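Pasting the structures in now, so scroll down.
In the two complexes below, chain A is the common chain; its partner is chain B in one and chain C in the other.
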Partner chain A sequence: MDKEIVLQVKNLKTHFTTSKGTAKAVDGVDFTLHKGETLGIVGESGCGKSITSLSLLRLIPTPPGKIVAGEILLNNKDIVKMKEEELRKVRGNQLSMIFQEPMTSLNPIIPVGEQIAETIRLHQRLPRKQAWQKAVDLLEMVGLPSPEKRAKQEPFQLSGGMRQRVMIAMALACTPEVLIADEPTTALDVTIQAQILELMKDLQKQIGMSIIFITHDLGVVSEVCDQVAVMYAGQVVEHRNAKDLFKTPLHPYTQGLLASLPNIHENQQELQTIEGSVPSPYDYPIGCRFADRCPHARDICRAEAPDLIETGNSDTKVRCFMHTEKWETSVKEEELVCP
Partner chain B sequence: MSVTTKLPILEVNNLKQYFSLKKETLLSPKQTVKAVDDISFKLFPGETLSIVGESGCGKSTTGRSILRLDEPTEGEVLFNGVNMTSLNKKELRNMRGDIQVIFQDPYASLNPRQTIRKMLQEAMTIQKVMPKEQMEARLLELMSLVGLRPEYLERYPHEFSGGQRQRIGIARALCVNPKVIICDEAVSALDVSIQAQIINLLKGMQRDLDLTFLFISHDLSVVRHISDRVIVMYLGTIVEIADKDSLFDSPSHPYTKALLSAIPSIDEQHKKDRIILKGDVPSPIDPPTGCRFHTRCPFATDHCKKEVPALRSLSETHQVACHYAESLLNGQVV
Partner chain C sequence: MFLFILKRLAQIIPVILGVTLVVFLIMQMVPGDPAAILAGEGASQETIEQYREDLGLNRPVVEQYLSYVGNVFQGDLGNSLKNKQPVLDEILLRLPITMELAFYSILITIVLGLAAGIISAVKPYSVRDVSVMVIALLGISLPSFWLGLLLMYLFSVKLQWLPVAGWDGPLNIILPALTLGVGGAAIVARMTRSSMLDVIGQDYIRTARAKGLKEHFVIYKHALRNALIPVITVVGLQFGSLLGGTVLVESVFAINGLGRMIVDAIRTRDLPMVQGGVLVASLVFVFVNLLVDVMYRAVNKRIDLN
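On to the complex of A and B.
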């Protein structure tokens, strides 16, 4: 069952040049997004997930940042190579984005309905009145109570949940093929988060768009995502079907991440932790970037960098020597000295 | 071990914390935010009592009022029987050695221009914990206790990662030998793998140093992991207090039920039965009459709109403020 591929990212590298050197924030990211599916990109602070999402829309401030390598294929057209004019057509129409804090992405002194209508006028060249009506319809679609009245209000008059609904309405104004949602519910309370997640799932069914859902919250991922890409130190370390990933994580980092989550359904004595800390993006080790924190690391892990390769079926990719033939022949390291 | 047989170390009685927004004028009435509105609870020595709730429910304000970082409007806070709300400044300063606090953002709560050594020394000197000569040994002991290298004493807060800063925040709270520590969203800003380290550290310290925690958090999974008892707050009032197991296994207030069901879970078995609440939390300026949850409650009746439900006992360890708690527990629809 081969589904249609909407977006494919190959070996994407976004680096930042600063006075301290080159920070390899995104350093070889690969993933595939199918039509109508939701792909979760998860990882901890600094793993490069937000920079990846900004790179997709070419929103990286240049300088200091720059996409130095890789391809972003949207329906087989490479976004990396597009001219500014082409890009403007893609943004909003085919690819659109919602951010974590709606207050900073909305204009504070313009009524929200007007802001949505402006987007519609720019992209679809509708007359003012029709654009306004469409904005109100959109607000109704995202479940804002009394949309006629709310459309005339400024962002500060709305609650956090309502503002995020407005952002979603704006992002959906031109029925994009791909919606990139960067931590869209992180700033919201759980009961409001549940409302917004439900809304996004419903809208996806209605419109048939694909979603890239960027979050640090594994619980949210398992609620909404079909596929998951786990990122660590600027790379994807595991790219799989969400159900399988949560059932049998393959990469030691994913395993550690899942084990360190407190479980709400049972009592535990001690939480498992991942010892050590993430390597600096200015100076990654030659070998596997997780080797220093990995309980299974062997000599080969420090000498060579593993590739993201398929194991089993084409849906499962993991970046770890444990799942290659090399593992059997590699020498086991002496018991690691605890830091 | 039953904690209820002991005397409480901290007792909060009818605590109210109002904030005035505007002075009354001819045209506009006086506006008051009722951040905490008449809450009472007891904290027993050696236990971890958590306060959970969503933004604006008053959980952090409760912590601040207990410490008198904000002067409470009404009510009393008894620490070992002494009423903290009637202490003068000097007495209060002495008392603060016994009750310490750890905040969510350690970067905002550490002085950026002081080295860690200076920060800890200052706190110990003010609280007169020990003579100067013994401090050095204590500093090293504290650093090893929270899992930091001794040479870090000479560094400034900006040189540390988030998890390390939180360890410093913990060391700073511990350095004056407190009996109670109020943790206000102490692990909320951390990544899960770091969060797990800090939670383990807190639990270990509690065991070794016989500490009592008031743990304020919005994250119910963390709360389940760390607490003995849990308070659920909604819009400035307590809706449910129970020991951990009975709260998570048989939540009795409709709000607690919705809150628990809203948590995204990675566990396949627990994904059904989501209760999605309608609307937002009402404003604490003009809270709803009667039960404050009635505007979002799926079971609300006219009675709920009129009468404020009192916090009453369902069992020895379980209190709830809902008119229909029993029938809801039995699965009956009101």
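On to the complex of A and C.
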């Protein structure tokens, strides 16, 4: 496919140096985001998806965190190598972000309108009055009732859903090319969640931006994402078209994740789980990081680390020996060892 | 807001009662007979008795107190035992001097304290931070009378840049104001630092950075205003101890302010003078606290004053 690539992340590694050693929170993440598409980054807590999203804007507190390797190419310009000044022009302008906690992500003592308007003044150099008017318009666009009154209020006067709308308005203020949404609906209740998702989809159509949607909620992914990158232990293990992924998951971890979803059509007594636990980011195994929990694991999985490789077409990437030629040979080896 | 201020002003009445009662009781308990002191050493018993009667000190204590409080509410703070002049006149003469000193001291406390606190917090655990905090620790530990003497020795005696004592010109203000303000500045600096560090770790600071704001906008617009909320309280409290400090500093630098007036009055057991002085100082403190609460509300609208 010849879709325009907006953002490409190659071998991103963000490590944290602590007294316990080096935590490899993000350890070789690769993904590609096309124009106008939504890429979901999914994975369980601690798999490094939030650190990945913060790394994209270089918002990792240093020390202890540091991007130690990799490239983040936004329209072919590497964010990792940018100088502060250049980076600031990208932040909130071409690349903006919505955070998980609308309750704490807005400044508690600055009127919400001003918090939006200051971004507009900064990046678009509009005079105060016009920037304010634009902030009010944005609040209206995200569906906040009586936006003129609300703009003058401070966050504590708004509900959680309203605050997340404000966050979205703020992130969209400069019509970014890429919007990173880090679990934007996790802290909201279900009806508000649906509204916010709907809103994001609408705005994406209006503005034509690309979205990186970070979540642990596979239901949300199936609703909003075109592409999905599944993360496990600091790496992407499967990167595919969302429809295909839900139909025929390739990586055993993805298979496990999907199997653990409760099915509304069957009367299940017990929920399925993936046995075992995630390896510590301080001490990853040499081989495949999922091997210890994988029902298909063989010797080769523990001896060697698989790469994220294309299988079939360029849109499908998976990090598993099962989808390589090595798998066939490894079967034979195994049969030789234990007949 | 208006109702709040009115309520707080009404609280002045119990403050007056409390302060006068405590001072009155203390002055009754301390050794030394005002009449005997006024009459002078070696005065005959008759003379002392005469003084006592003239001053009304022979009346029952409760009666003395009640008549004093009654007069206070009519704006009469009584007359000095020593020179028979109205206490209020003397206070009105001295209060502006102390207020001027207090104003410059609190200015030093705020400016120096905030600056040091911010400098520290922006780069925590750096050499700069550690040295500022060590100096702040010294500032807290040095007693003001000693610091005053030290400054006086250095700037007035050795370097001869500034006058030793007195209250004749703007140069006279510098040393006493520094002496009084430095301790508070150290406390404000430490408070500002910890409050700033706390705020800088908050999610909304990350949001501000994600918007592409320049670092000084992040610090001064987004972080400092939030960090100031607890600092304002500390500054208000500091003003109280600063008023107490004027007693010492005015004595060290020979400034004829309210503090020194109170010290002199205590020495001569000039009861009305002591009471008047302490009362006025307390009222100033009450007003400053009211001001602090109003400012608090201005910075943080979440606070419901009522």
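In the analysis below, the second predicted complex is superposed on the first by the 327 of 339 C-alpha atoms of A that agree within 3 Å, B and C clash if a C-alpha of one lies under 4 Å from a C-alpha of the other, contacts with A are read in each partner's own complex, and residues count from 1 in each chain.
As a working rule, a residue touches a chain if its C-beta (ideal position, glycine included) is under 8 Å from a C-beta of that chain, and two chains touch if they have at least 3 such contacts.
Keep in mind that this is a model prediction, so the values were computed, not measured.
With the C-alpha superposition on chain A as described, chain C and chain B fit side by side in the combined arrangement.
In the superposed model, A:Ala303 lies in contact with neither chain B nor chain C.
Counting the residues of chain A touched by each of chain B and chain C gives the higher count for B. In the superposition on chain A, A:Ser260 contacts chain B only, with no contact to chain C. By the touch criterion stated above, A:Asp217 is placed in contact with chain B alone, chain C being left untouched. In the superposition on chain A, A:Ile286 makes contact with neither chain B nor chain C. With chain A used as the common frame, chain B approaches chain C to a shortest CA-CA distance of 11 Å. Touching chain C in their complex are the following residues of chain A: 57, 59, 87-93, 96-97, 99, 101, 104-110, 118-119, 122-123, 154, 156, 167, 170. Remark: chain A residues 44-45, 145, 159-162, 189-195, 197-198, 216-223, 243, 246, 256-258, 260-265, 267-268, 270-274, 277 touch chain B in the complex. Within the complex, the chain B residues that touch chain A are 54-55, 161-163, 191-197, 199-200, 203, 218, 220-222, 224-225, 244-245, 248, 258-268, 270-271, 274, 276-277, 279-281. Those residues of chain C that touch chain A in the shared complex are 202-204, 206-214, 217, 221-222, 225-226, 299-302.
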